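Below are two complexes that have subunit A in common, paired first with subunit B and then with subunit C.
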Partner chain A sequence: MLEIGLILRALMRNKIGALLIALQIALTLAIMVNAIFMIQDRNQQMLRESGLDETNTFYLTNTIFGNDYNNKVHLQTDLHAIRNTPGIIDAIQINAIPLSGGGWSMALQHEPGDDKDTIGSAVYMVDDHALNALGVELIAGENFTAQDIQWREEGTSKWPPKTIITKAFAEQLYPDNWQLAIGKTFYISQTQPIQIIGVMKALQAPWNGWTGVERSMLVPFQMESKNSRYFIRTEPGRRDEMMPIIEKLLAESDKERIIRRVTTLEETRKRSYRQQNATNKILTTVIITLTLITGFGIVGLAIFSINRRTKQIGTRRALGATQWQVMRYFMVENFMISAIGVIIGVIGAIAINMWLVSTFSLSPISFDLILFGVISLFFVGQLAVLYPARRAAKISPATATRTV
Partner chain B sequence: MFNYYIKVAWISILRHWGLSLLMICAIGLGIGATMTTVTVNYLMSANPIPHKSEQLFYVQLDSWDVNDPFDEGQNPPDQMTFIDSTNLMKAKKAFRQNVQAQAFAVIEPSDPEILPLIVSGRANSADFFAMFDVPFIYGSGWSSSADDNKEQVVVLNKETNDKLYGGENSVGKSIKIDGNMFKIVGVIDTWEPKPRFYDITTGAFNDSEEIFVPFNLIAEEKITRSGNNSCWKPFGDGFKAYLASECIWTQFWVELKTEQDKQAYLAFLNAYVEEQKQFGRFERPMDNRLSNVMQWLENQEVVADDAKMMMAMAIMFLVVCLLNTVGLLLAKFLGKAPEIGLRQALGASKATLFCQYLIESACIGLAGGILGLFLAFLGLIGIEKLYGENMQGLATLDGNMMVLSIVVSLVATLIAGIYPTWRACKVQPAHQLKCQ
Partner chain C sequence: MLVMKNINKIFQTEDIQTHALRDFNLTVNEGDFLSVTGPSGSGKTTFLNIAGLLETYTNGDFLLDGKDVGSLNDNGRSKMRNEKIGFVFQSFNLIPDLNLFDNVDVPLRYRGFNAKERKERIEANLERVGLASRMKHLPSQLSGGQQQRVAIARALATDPRFLLADEPTGNLDSEMAKGVMSLLEEINQQGTTIIMVTHDAELAQRATRTIQVKDGRVSELEIVSAQAIA
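Entry: the complex of A and B
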């Protein structure tokens, strides 16, 4: 059946050539599987939802350079003007932007004191319009009221008594039943009590590489700041049209400030994951070129070995072998070489993965992925040998009778 | 003779042009990928100030929370509290010392037609400029008495000077920064150390700042600090309380000439921490560190994981390409057995044949190397495009890298060629001739 013994003996006469292809296949498999694994890892990171209405939001930085500037009054005027512009759903002042990489974090603890366990979270300082402006969904409890909003002087260490947190944060505080968090009082800055009045579905922290990226909290603060950000949500589809309108509105209403960095959330997401995206593209290129090189290598070697064996093939055909049998010979040969390559490759892939796990703290590779790699390399091998094998099959039996 | 070998090699390469092209492409791609990633790694791990990197030390003190150590106890905090850096500055125990923080400012040009300018700033001590060999076009840095007297002086970078004064000598002029008048004392020339070693807490490959002002003006609230800030202990209200807090946001560098000086400075730091312990600070075990520039860059893992991983991948990629070449060369040379047999029968020595086939391999390697260089060039442009400003200035091929890529491809192909050549030369002439 399939002349396996025969092919094996023929292979043994050119051990090195076969081994070289096998090694190539092995390394290709090892690299391919790990590269795909890294791509998947990054894709998963990028797929996480920020919780915001990303397509219809943008933000800008309001930098004040005049001295004796009445921050509090101007903030109210600005927000009032933006909120009343047609096309705008809502607007807030905020201290940090999700995904942007810069922000503020604080920790909550169950008990007051400086030696208790704490859980860290991103802090967004906002007012009672925040849920609407960010586009996040409140799934339990209630929103802040206008009376809850406090004026935060620069450099103060006091925190307001109420907060709204994300579900992921509540689950961290109460692993068994997150709903227990509602109404509970925790401690912020070690000793200051703060009550959880609501839970939002999701809102990511500004740092996409942080393990606690899903934990964030809103606190009812409006800030005295010479450099504050306004976060604005427009009616669906009207973002690009509203951006210059709002910029102009603010810039012209007051000359003691600069409006800058008018940025969409989509742009921020793109920048935030730029590195992941770039690495993925490079890895994809590596996989494709590597597979091509290995494939063409197999084609080249097969053509050569067929050219060298023209006479033998002709003889076989003359002795009654069908075209299919000749073709099958080369395909089985390739299959056997691939099999050796794949066995070494699987070991190599796991070894590389172990190195990745220990050096770059990635998680171990899945079995499915290895299986996928194995199957695709067998496929590439068979595909590559198809053309040379067909050429071999076309060798006429008459060749055997001629001298080379 | 050498010319003859090359001619024969050329004929042979042309005769099997498909195979030769395949080999050249494989080597080219392998070299291209390897060189692209090696270049990025090489530039990331470059020594930004080679002649004095051994004499500049970044100072770390472990002032962190005794219950919850910084970086899980692996490293002391990466910045210093304002209290400690001020105390160390006052002690003046090093040859040069510099306390610094990132700052942020708005310049209001005197011409009301020009819009106010937002600039990135660095608040630092007088020694900064001498320590880090900052080149000046006009004027110079400020004196340490300007530090002590909290003078409102400023050094501009070339770009800002070009923007505001059209590149003229602006030393002595006054400029309004954040509502206060500052006197310009110097303009620095283009200065972009990569990595930006003097402050890697806000990005190791960021551009250097646009203005430089005395650090002490932060405490005077004349300049607004920015950059990273971490706190572990609650503190009172107001800016004074913040300055006196355990928050870390300053960076401290010293220049020490000899190993002895370094030991003396370390002893001084230990004595300082011992003294502070009496005031109830520094509750953690003593862990004071002096890291020179390269140690500090290594400690802060300036070379990105992605870059290292990519380089490892590319090198494996090159190995695949070489295996490919070995296989193809083997096939090619074995295919020439009859020709080799004939030449041997006609009197060619094994050494001659070996030499000739090795030259053929080298020709392929050279062509692959040149192709690889071109691909590396494209690859670096691609990397710069994909990664954007994070990679600015990190993706350029320099002379060293070009020579290296040609050498690597030549050596690699020669190694790849040795086995096939050796096999080819083992051909038995009698056997080959008989077959014909």
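Entry: the complex of A and C
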């Protein structure tokens, strides 16, 4: 017999301590569940695929300081040299790096005009080697040809007439059937027509926190600039080996420039999600700390309660309670306190989540997560009370006849 | 029947060895009302604790209702306490957070009786001690004498063969003490064997047998006739 009625009636006459622990459990549950929810949300963000061949790509910055320099020739020479280096699959000049935090964005609209609805997208200026160099997959349409590539002069606002967009972008343009986007002409910079000639499976924008991070477009532009980035893809497993080779190749081919920031995509991803990682660590620490505090609170209350009831426990033993029955009494008592805390906590967790959903546009918390929180708190409660309960069970029945 | 032969109880600390009972021999027959007297520290409570299976003994033989107590483990002793022994303590030892009904219910739950039987036993025993009308009261709402009556009802609820009382009137005034003693006598007359530890020589005289414990031994054994009490 679990003595539930007796325990409940006894608890009702000593509410304060039990209620405080129940509230602590409730608060822990509410915070724990929402913190895990936030961690999961961040983890999902971090696990999104960039669309790139991340393990085999790197990039560098080429800064020219020499005068009388033909940037166009120089770019073609560099790319030719890199592409022909054994171990290299392909290389391009690019204006921005996915997940790096800095880049370009433009908007497309169905009709020309300054009062039309637009959909924003990251813009990558690349040549016809982009798909191969980035390692992105073309799932519909076609790639740029060498003839499509235009030189973009600094300060110009003119855009090339063709683009390749991501599937996520196409779905935004044509929610019912993204394939309808192929061949369609949209307008960039309000009035300039641009035709979608291809759709890529995925290519993330430079900004991981942007809601449109999956929307990107390639435009066939090469930039005549003294500061340009080269994006290079190596044969599988040869990235680390090729990075110094390419750096040396470029540096030695021309002394009037600086090759810097030779960086892998993996490093960029890591840096990009540094804040999310740090936040997750903080949230994890909060969860562990709160759970420990609650656990210690339960231990403290149980020990206090046992010390206060030493004679009572001795009397119960004298009346025939076995050690297990005494232990079970405290475990059931703790379970009931936890149950009260958990009920309040579940309500609190849902309330906090509703606020998070409305304030930060997060998705609603899942039932599984609440269930996990409930089971965890019950487990922590039972674990925490185990030692005090064992101590109580060891109280001698002879205590009943002693003056305690 | 309770039989103790050459029971010794030694309390051992790091430096000191205390002989609480020395070659303690005693037989308590069914239906006896035995009072145990003796000065403080003589070993009365140790004897009661061992007799009530609240404490183990160092060596000797102890048979309770024909069962060798020495062979029982902790669970076995708990079960035997619950089934065969009722306790009445000097300071009543009622659970302050539970009302009278629930207090009497405690040993019955350990026994595993169903709710219906428990209720019948609780009501019958509270009726027996004259407190049936107050079963929803808390112990703190009762006088000392009433609390001891509740403790007696709790002790009797499991129909024990032995009722062990440790200074049952020690915390009561003389009027209340008389009432409690009368109740114990009545219970004994109904067939329950009672062993009562007391300081009070006058109360001890009301038992059918009296022993005196001194330095851990039964130093004196006096048989009191039942007629003399009546």
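Criterion: the second predicted complex is superposed on the first by the 390 of 404 C-alpha atoms of A that agree within 3 Å, B and C clash if a C-alpha of one lies under 4 Å from a C-alpha of the other, contacts with A are read in each partner's own complex, and residues count from 1 in each chain.
The working rule: a contact is a pair of C-beta atoms (placed from the backbone, for glycine too) under 8 Å apart; a residue touches a chain by one contact, two chains touch by 3 or more.
Since this is a predicted model, take the numbers as computed values, not measurements.
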Which partner reaches more residues of subunit A (counting touched residues only), subunit B or subunit C: B
Contacts of A:Asn71 with subunit B and subunit C, given as first, second, both or neither: neither
First (subunit B), second (subunit C), both or neither touched by A:Gln275: first
Partner chain(s) touched by A:Ala321 [first = subunit B, second = subunit C, both, neither]: second
Partner chain in contact with A:Ser396 - subunit B first, subunit C second, else both or neither: second
Touching partner for A:Arg308 - first (subunit B), second (subunit C), both, neither: first
Which superposed partner A:Thr291 touches (first subunit B, second subunit C, both, neither): neither
Partner chain in contact with A:Met38 - subunit B first, subunit C second, else both or neither: first
First (subunit B), second (subunit C), both or neither touched by A:Ala10: second
Subunit B and subunit C footprints on subunit A, overlapping residues: none
For the subunit B and subunit A complex, residues of the former touching the latter: 18-19, 22, 25-26, 29, 33, 67-68, 104, 106, 108, 115-116, 118, 178-179, 224, 233-239, 241-242, 305-306, 308-310, 313-314, 316-317, 319-321, 323-324, 326-328, 330-332, 334-335, 383, 386-388, 390, 419, 423, 436
Touching residues on subunit C, where the partner in the complex is subunit A: 45, 48-49, 52-55, 74-75, 78-79, 81-83, 87, 89-91, 93, 95-99, 102, 105-107, 109-112, 138, 154, 158, 166
List of subunit A residues in touch with subunit B within their complex: 16-17, 20-21, 23-24, 27-28, 30-31, 35, 38, 63, 65-67, 114-115, 118, 153-158, 189-191, 226-227, 258, 260, 271, 274-275, 277-279, 281-283, 286, 289-290, 293-294, 296-297, 300-301, 304-305, 307-308, 356, 359-360, 404
Partner subunit C, residues of subunit A touching it in the complex: 1, 3, 5-6, 9-10, 13-14, 311-312, 315-325, 396-398, 400-401, 403
